[in-house]
Structure formats: C-alpha cells, structure tokens
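Look at the two complexes coming up: chain A is in both, with chain B in one and chain C in the other.
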Partner chain A sequence: MPRPPSPSIPEKEFLYGSLKQSLRLDGRNPLEMRTPTLTFGPDLGWVECAMGKTRVIAQVEGKMVKPPPERPLEGLITIHSELSPMASSEYESIRPSEEEVTITRMLDKVLRRSDVVDKESLCVLSGQRVWHLRLTIHCLADAGNMLDCACLAGVVALKHFRRPEVEVVGEEHDPSERAPLPLSMHHTPFCFTFAYFPDPTILPVLDPSHLEQRLSAGLMSVALNAQRELCVVQKAGGMPLDQQEVLRIVDVAVGKAKELDKLVETRLKEDWAGRTVEVR
Partner chain B sequence: MSSRIEILNDGGYRSDGRRQYELRSIDIDMSPQGTADGCAVVSHGLTQVQVCVFGPREARKRAETLHDRAVLNVEVGVLPFSAGERRRRGRADRRILELAASIKSTFEPVIQTSLYPRSQIDIFVSVLAQDGGLLQACINATSVALASAGIALGDLVCAVSGGVHGTFPLLDLSALEEGDLPNVTVAITPRSGKVTLVTLETRLHVDRFGEVFARACEAGRVIHTEMRRAVRARTSKLVDAMGAGTKGTGEEDVERDVLMSEINDF
Partner chain C sequence: MTLVLPGEQVPAQHVNLKLGPGLLQLSSANGDSAIVATRAGDLNHSANRSKWWIESNSRRYVPAPQESVIGMVIARSGDNWRVDIGSAHMATLDGLAFEGATRRNRPNLKVGSLLYARVSLAHKDMEPELECFDAQTHKAEGFGELKGGFVVHCSLKMCRLLLDPKFFLLPLLGARFPLETATGLNGRVWINAKEARHIIAVSRCIEAVDPDGGSMDEAGIKKFLGTLDI
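Moving on, here comes the complex of A and B:
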C-alpha cells in the first residue's frame, strides 16, 4: 500500500510559522487539549471516547477461567488492540508498524503494568476460578494523538464495567441475585502526549493533531493519576530537551490530570444516574 | 522471594554492597569483531551487551533509501541464555521491538545522518547477559560502537537507570532491585546537557521523580567520562599500532593535533 504523502512545504511552513506565535491550526492554546467526549453504550463497560475527530471504542468483558498455577490468587487482564487501516490509511493490517508497537506497549504499561485493577479482588475461588477481563480497544479514526484517546477510553471502560457478583456454594459458584459490582481499582491513570518541534523556540504542544504529530520532532507521553503519581513517562529519543523542560512538562500534566479526573468522574456519575441495572 | 532481601540496609548499603549512588563497574571493550565496522561490548556489572555497527553502506532495499540522509536499521536479539531462565524470544516480541524502536529514535537525531545520503547504517544489538539496566546498556554500547565505526555523531549518548526506595534515590539498578522498585532510565547528551530519552514504567510520585531524574542526569556525565576514556584509549592504541611513520611529520601537525583534540573533546 502506498504511504500517504508527507505534508507539503507550504503546510509545514504555515504550521511552524503559526506555532511560533503560539497559535494552533484548530484555535487551541499550546497546552490545551481537545475536550474528550465520552459516550456510554447500552452495556456496562462499553465506552466510546472522542477527542476531536479521533475516536476509540473500548469494551470490557469478564469471563470465568481457571487461573494459571503460578498465580492462583490473581485474576487476569488482557488488552487487545489493533490499529487497522480503518483508523487511518497509514496503518497496514499485515505488519505491526512502529507506531502500533508503541501504542500497544504504552496501553499495556498504563492499563496493566501500573496495577490499575486490583487483581486479587478478581479471584473467586483460589486456584479454581478467577475473572478474566478482556479489554478490547477498537481504533475507529485517527486524527492525531490516538494514544491518549485509547488510554482514556480503556480506563473509563474499566471504571464503567461492573462484574456480576457470584457466591461460592460448596464447590460450585452461583450467579447470585445481587447487583453487579464495580471493579476495585487502585487508581485511574490518564495519559498526556506532548509534541515538540525541531525549532527550539516553539513550545511543546499538548494533544497534537494529526498534522502536528507528523511534523513534530518527537513526542513525550506522560501517564499519571490525579494523586500526582507518575505511572509511565515515555520519551524515546527525538529531539533532546532540557532537564528543566522535562520537569515542566510533567508539572503541566499534573494539572491536566486533575481536570480530566473531574470530567471523567462527573460523566460516570451522570451515566450511572440515568441507568437502571437489572438484577437477574 | 525478593521481598525478603533488603534493598537498602541501615548502614546505607545495597544488596550487592554498593552505596546509594554507586554505579556498577563499567567495562567497555572496543576490540573489533568479525567484519563489523564498529563494535563494542559494554558491561554494567553483570549486564552485558554487544553491539556491531555496519555502514554507512548501500541500503539492502533500494526503496527504503532516503535521498538526503542515511537510514538507521536497528535489530535487537536477546540470547536465550541471557536471563536466569532459559527462554527463547522471537524477534517479533513486542518488548524487543520497543527496545529497538527506542534505540533507533534515540540515535536518529544524534547521528549526523545528513552526511551519508542514500545509505544505511545497521546496528545489531545482542544482549549477552541481563542483570537489570538493559536499556541503558544497549544505548551506551550503541554509542561506543558508533564512535568506533567512525560515524559522525553530534555527541555520545549516555544512559543510566535509577530507582527510588522509600524516599532514597538509587542509581544503576540490578535485576533484583529493578523488580521491586519504580525505575527510570534517562539518556543524556552530555555536551549539551540535554535529555534525549526518559522512560518510567512503574508508579512513582512526581516529587520523587524529579529527584531521581536529576541524579540520573548527573550520573550520565560519569558514564560519559568512562566512555570517553575508553574511546581515547582505543584510538591511541590504534595510532601507536600504525607505527612511528606519522610521528616525524613536523611541528605543524602536532599543533593541529592539539587543536583537533580540543575541538573533538566529546
């Protein structure tokens, strides 16, 4: 498949020129992110997250499985994500591109390795039955900054999901008549991606659009929660930055995480208020 | 098992007898291997990485060449016996692909790729032994190997890992410490003092991060002096081996030599 053409010279010059005056093509401030829109589906754990034209669907489903013998007390979480050509013609379906590897690895680090979900609470009967959570992330459209959008969708889906409560009766487990339970979560990390540009006088921008991402000299992703705990910092190469600059970016992310946390909490509350959960 | 081991004891010593900010012994071997243009075996304590650099040479795939700069090709192989448990990793393992991608993007802005248009530089990394700090060892070894291949670099890239135990920052973690502590890897370009790579994979408070980050940046400079010493030792050995023929060429050359060494003082 032919690669899409790189941005033209006038496009490039216009973008750099406007960024130099701290203006962005979509009218945002350099450190302003697109407000995410969260849409909840009919099922618990089905979330669509849209940031501008970037759209991602995340879905959580739970299944009972027998745990692996080395960890009999812990539930399992797997993340499935795929960037198909549906999101953008830049992604090929055959070979995982470098971007795809970065996105999948980051999702894994943010959502799984940073201990978002308390895995021991997913255990039903030690060594016999645990919950296996499967988080599927569908990337629908890429208009820049797919990673943040996917992370947000994944975290919100986990927060939105309710697992059925079961009761162990003797050797058997029984779907009881209790209301489904939310997952017990240690924290909620949010990911923020900053793009910086070849010209050092241009300040880094938060939540880069597609064009900004293409023309950037490197990205730095910071995942952290509202309690000021960093989960993942990822700046793999790209243009070298000053020490102070790195710490400044982390500080900016701290503020943004608090804002985003509030937004997510209100949206979840709104949705939960308008929902009646049937007890089978 | 590892929770029983004291990471930092009351006397301020770590499980392998190091102090808080003490790095493991660094060994840089730049002797040539096979037909590689540049080669380095770097060990940080028990972690050992070999890097072979080929190029700049004509690209294998004509379609991938760029008309204005060189293309980097990084391949990482982790030997099955490198870790405690024998384990074969495919080349398509995501962790290895990520490692290769971060090495590539770390060196892309550092190598003066525009000097070698339409060519390719191959960097083959083989991990011989793992005992924590894999990424830092890979980056340091690649830096030295590129220097020994005579490829124009803006700067040597020096990487160090760091972690936090309670409120105490530690540097250059071994595998045992890496498993228990939040850890950071920082790569700096010492001449400009800028940071090219930062990775953190575990939960860590923002205030603690700043501290360990600053320490790691300082330690990068220490690694830099080690690297510089190794590169100089190797070069002077080569110059000596080339014989006395270059010695009697007159005063001008000697003067120029001094100037050059000042300019090239990286």
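Moving on, here comes the complex of A and C:
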C-alpha cells in the first residue's frame, strides 16, 4: 500500500506556526519530555514503558549455553526487536522499514555495545557454561519517539531482571538454591531524541510526537548516562548542525538523564519493595 | 441495551425493519432470514423497535454511505482526486463533484489539501467515492476544502459524541473563545480558532475526553481548562 501519506498542508502549517511561538500540541515545553510510566509484570525482567501513547514492552530471559570458543569467559546478550503493524499501520510486516532498521541498530549500540551489562559476570564455568540473556522488545503503539521508549524499556528490563544464582556441583548446576541476583551493570544509558525543523528559528524539540517527527527536518539521538558519559550520538542525515549546538544538546540531555535515572531508581525500588521472591 | 458479539443472533423483528451499523441480514435457502451482529458492542433499538444498530468504539474507519468525512488529497488521477479518509482503501473524488464546478472551472486542490466531503458510494467490493456537494441541489452545504486550522485524530466514538448536540464539550469550549469545527465520522476533527493556543486547547480537550484515551467528564474538563493557558 502506498503508505504513509505525509501530513496535510494545514497540519504542517499549524505545527510550524505554533512551534515558532514555542507552543507544542501536547502543551509541553520544547525541551520537555513526556514522563514515562513504567509498569512491571509478574516476572522479573518484564517491563512495560509508556510515554504518552507510545508503548513498548521489554522482556529479559536468561538461558544457560556453551560460550563460543573465542570468548570462553563472557556471557551473551542478544536483542530482538520487531516493529509489527500492531504499533502503527505504517509498518509492514514483510519488509523492515528504515525506521525499524534504525531502532534495531540504535538498541544494539545503546544496550549491547556500550557495555551496559558486565559480560564476564555472566560466566558460570569458563568455557563450559555462560548465561545467554535474550532481550525481546515489542513495540505496541507508536505515537512518536519509539526509539527513546524502546531504549528506556530495554535498560529498565535489564535492571529489573535477576538471574538465578547457581551452584556448580561437578557437571550439574542447581538454580533454586539461592536468591536470584541482579545483573552487574556498568552504567545506565538513556536515549534522548531531538527533532530539528527546516525553519532555523524554530528551536529543536525533545521527545518529538508522531507529527513532529514526521515534519522534522532531521532527528538527532543522544545516548548517555547520568555520569555524563556519552555513549552514542546518532544523526542520520537531515539538517547540518553547528558544533556548539551539539554540545548544547548534550548538556540538556545530561540534565534529563539525571532526572530519568532518579525516576527509574525510585520505580525499581518501589517494585522490589512490593515483591517477594521465593527462595527454596 | 445488551452486549452482543460478532455472529450472535439479534431478535430484531419489525414489518419495516431498518438495520444500522454492525448488523447483517443472513438469508438461508429455505427462505428464513436471521439478523446477526458483525461487531461487538451494545445493541440498541429505537422506541418502536424498527431501527436496530450496534454501538461500539474503534479506531479504524469503515466507510458507509452518506457519512461526512475529512480526507486528505493524496494524488490526482485524470479528472479525479485520490483522497485518504483513513479507511483501508483510498477514496475517489470526482473533480466535478463540487459546487459550481464545470470542465473549465474546477477547484484548485493541491496534494495535501484537506477536504470535508460526504461518502456517496461505499460498497464492500469497490473503492469508496466522495462528493463535495449535495447531489440534488448542487449546493456546497458546507462541504469543500478546509483551509488553515488543524486536524485532531480521535476514536470513532469520540467523533460521534462530538456530533451529538447535547454533548458538553464543544458548547463549553465555545463559551470560552470562538472556534470553528468540522467533524468527520472517520475519526478526524478539523478545528480552527484565531490563536494557536486555542486550537491546541481544543485538541488537548478532545484527546482528554476521548473514550479511547483519558475519558474525562465535564467536571474534569472544566478543571483541565483552568490549568491551560487560554
């Protein structure tokens, strides 16, 4: 189907006009993000993250596997993400869209290549047994900025997950002996997407809505943690940006990352307090 | 009012029976006919039990004849326009289906223009067709291109509610500031007001009241309007 049609002329003109007055359609400030709501499921490592109407589910599962011979001391992490037509009728199930490729690659960079999880701590028996973590990301609804939502869901799921502590007795390992342990994480990166508009007098907006994303002249995604460590900067085409501008955006993102870190920590603590994990 | 599921039989009987959305008459070989539901929702009927329909909420629009919709021009093909009305297929709009349009003088629509039109033909095996005038009088009757303003997307139930003259939202907003709206039954509402912040206020209110989203009531909206800058 020849989808998606680009937004209509009145929509485009109105959005640009109101952004010029620093007004956003959902009443946010240009550099204000939607407050994410995190819902934890009955299992450890199951998180639903909602930013406005954008909703993503992330789930972590752990499995014992034999490590590849070139890295006998490291665990494995794989990320599976899929954008199905469930999220929005713009996505087709047959061919991955450009956006899907971007999201998959960004997730890989932010959650795996930036060394979020200490892979050596996933080793059970060198060269014999390591943990294989499988992070599945389901995009349920796309109302703009799916990338940030998916990254947040993924990171929180990894933080929420606890792997069973196993004891190796000869060749056997018994997972039910002790309380499950949280993964040892090096840092907590968050992704922030900024949208730029063709008119240079319009300031960039953080966490663009669906319409803003469609009418933007370029997106820039910055992934960093609350300790000011920059992990990924992605800008695929679009408007050329000034060096000063990039630095300014990174500064803004640092502030947001600190806020988000606090929110995630409190939510995780609340959830853990209300949870009883059986130790048999 | 009862809840029905697709496939369920409906006890609709009348000499002059009229079936509304969500109901289908199935006739078998021996001449009997049964009325079955084709969607899930609340079964309603008129006071004298002659008109029956199912009320439910959804996001995807299925065209039905004589419904007013808001569409966007996608392309031009010959004398016709291809219009996106949010349904599974594009609708066609005859270039002459406007008030006062002739071969020489036809409206100048661009790709991306918004239209307020009526579905003139909706057959399950054919592409829907639109018209921008009353076929009898050839007068515009309010249909035509929508210039300026903004379009809000909402659930189909929300736009039916907005068309109800007794519904509280539009009179409440109209008492605060002058505004113009055109409600399409395809889940799109065009709004226009003098100032951008007013348009934004209307669009946020519609989203807040939408039964698919916030489902806020009148008291809630009054409080919400107080927090907005209008």
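Keep in mind that, in the parts below, the second predicted complex is superposed on the first by the 278 of 280 C-alpha atoms of A that agree within 3 Å, B and C clash if a C-alpha of one lies under 4 Å from a C-alpha of the other, contacts with A are read in each partner's own complex, and residues count from 1 in each chain.
What we mean here is this: contacts are C-beta pairs under 8 Å (C-beta built on N, C-alpha and C of every residue); 3 or more make two chains touch, one makes a residue touch a chain.
As the structure is a prediction and not an experimental result, all values here were calculated from the model.
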**Request:** Mind working out whether A:247 is in touch with chain B, chain C, both or neither, as first, second, both or neither?
**Result:** first
**Message:** For A:66 in the superposed arrangement: first (chain B), second (chain C), both or neither?
**Reply:** neither
**First, second, both or neither for A:178, with chain B first and chain C second** = neither
**Request:** Name the contact category of A:80: first (chain B only), second (chain C only), both, or neither.
**Result:** neither
**Request:** Check the contacts made with chain A and report whether chain B or chain C touches more of its residues.
**Result:** B
**Message:** On the A-aligned overlay, A:113 touches which partner chain: chain B = first, chain C = second, or both, or neither?
**Reply:** first
**Request:** Identify the partner contact of A:17: answer first if only chain B is touched, second if only chain C is, both if each is, neither if none is.
**Result:** second
**Request:** Using the touch definition from the top, say if A:235 reaches chain B (first), chain C (second), both or neither.
**Result:** first
**Prompt:** Hey, which residues of chain A end up touching chain C in the complex?
**Reply:** 2, 5-14, 17-18, 21, 23-27, 53
**Request:** Would you mind writing out the residues of chain A in touch with chain B in their complex?
**Result:** 96, 98, 101-102, 104-105, 108-109, 113-115, 187, 217-218, 220, 224, 228-243, 246-247, 250-251, 254
**Prompt:** For the complex, which residues does chain C have touching chain A?
**Reply:** 72, 74, 84, 110, 112-114, 146-151, 190, 196-197, 199-200, 203-204, 213, 228
**Asked** How about chain B: which of its residues touch chain A in the complex?
**Response** 92, 94-95, 97-98, 101-102, 104-109, 184, 188-189, 192-207, 209-210, 213-214, 217
